Amino acid sequence: MILGTVMGTVVSTRKMQNLVGYKLLLVEPVYGAREDMIVAGDTIGAGIGEMVLVTTDETTQHAIDREAPIDAFIVGIVDSPPILGK
Amino acid sequence: MILGTVMGTVVSTRKMQNLVGYKLLLVEPVYGAREDMIVAGDTIGAGIGEMVLVTTDETTQHAIDREAPIDAFIVGIVDSPPILGK
Amino acid sequence: MILGTVMGTVVSTRKMQNLVGYKLLLVEPVYGAREDMIVAGDTIGAGIGEMVLVTTDETTQHAIDREAPIDAFIVGIVDSPPILGK
Amino acid sequence: MILGTVMGTVVSTRKMQNLVGYKLLLVEPVYGAREDMIVAGDTIGAGIGEMVLVTTDETTQHAIDREAPIDAFIVGIVDSPPILGK
Amino acid sequence: MILGTVMGTVVSTRKMQNLVGYKLLLVEPVYGAREDMIVAGDTIGAGIGEMVLVTTDETTQHAIDREAPIDAFIVGIVDSPPILGK
């Protein structure tokens, strides 16, 4: 999974019906580059600035109740930034 | 998902039968590089210059009615560019 | 999908039985770098120098009749290079 | 699979129910860059500094008993760093 | 698929039960960078220095008899390096 920081919210009115109900958050990878910023679905309630765990590709389907065309999903909020070596 | 801008249309006459009926759009990632430009299927009706959400890999199959060999699909049109920190 | 140019043919005599029958073509991404060159299966009959659409990962399975361990497949031949903004 | 070194532990109290029970480890690729650092699930008991094999995407599901939204999983601990050419 | 060169062997004694029986080879992409080096399963019998075709992600499952958590697998040995333009 990617460790990322929630940077903003993405609003899309015209979208596929099976995406309705998911908050869409812009997430910047903690160890990656700005150009790897992705949009992830959220049902946990992650807020701006929080560090989150994002799972990708088809594994997102195990985070939701019904199938949906979404390839990144927030599966956890990290308690505190991990300390390398611990 | 990738946040991208629709840059053009791709026309393919000789293609797999189960790709017929999908508009194929060239999408440039908003935060990525030109070399990450991809071709995504579209049924929502995204236009040139519009900002869209693209899902990838096998999750595309949840955006279409029948199985098709397509690894990127437009699942939403973004209302306005997201503002970082909001 | 990736937009690519067919650069050559890959010949493999010792290969998995369920790969027999697919032409294997070396494809260079149009917008990517030489180091992103991939080998894709082909049943459409794409020729050297032609611009093609390549789908990847598990979505390749929707391009073939039986399951096969192949993560890139040519699904269309592009009529003419796309013009940005059209 | 990626060959990586375990760099730390990620603690997440607020996470999806089907992620409970997996240790989450921060893994840095041996041949890749720091920015490719990922978080992988672990049930083998890999320790900080150990070299591990990580499988990704949907193939993680074959490493666990029940489906879970996790796209990277440690599937082995490497005996000793591989020697190129042997 | 990736075209790669077999660079070495990876030995893992403590690994998942369903990985037992697969030789694990370190493969460097022919057109990619050293940092893209991956570990792939092998049942064909590829040797050090041989050029191979590697399939990735869930498509590996079509190369093996039973499901296994392995996201890269050698599916063919290339007869001779492909010549661009042929």
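In order of appearance the chains are A, B, C, D and E, and numbering begins at 1 in each one.
Assume a residue touches a chain if its C-beta (ideal position, glycine included) is under 8 Å from a C-beta of that chain, and two chains touch if they have at least 3 such contacts.
The structure presented is a predicted model; accordingly, all values stated were derived computationally and were not measured.
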Intersection of contact partners for chain C and chain E: none
Steps in the shortest chain-to-chain touch route ending at chain C and beginning at chain B: 1
Touching chain B and also chain D, the following chains: A
Cα superposition of chain D on its sequence copy chain E - rotation in ° rounded to nearest 5: 70
Intercentroid distance (Cα basis), chain C paired with chain A, Å: 31
Whole-Å separation of chain centres (CA-atom averages), chain A against chain D: 19
Chain B, residues touching no fewer than two other chains: 36, 57-58, 60-61
Direction chain E, origin chain D - full chain order round the ring: D, E, C, B, A
Residue numbers on chain D that touch chain A, as the complex places them: 7-16, 18-19, 24, 26, 34-40, 48-49, 57-58, 60-61, 67-72
Residue ranges of chain C in contact with chain B within the complex: 1-3, 29, 31-33, 36, 44, 53, 55-63, 73, 75-80, 82-86
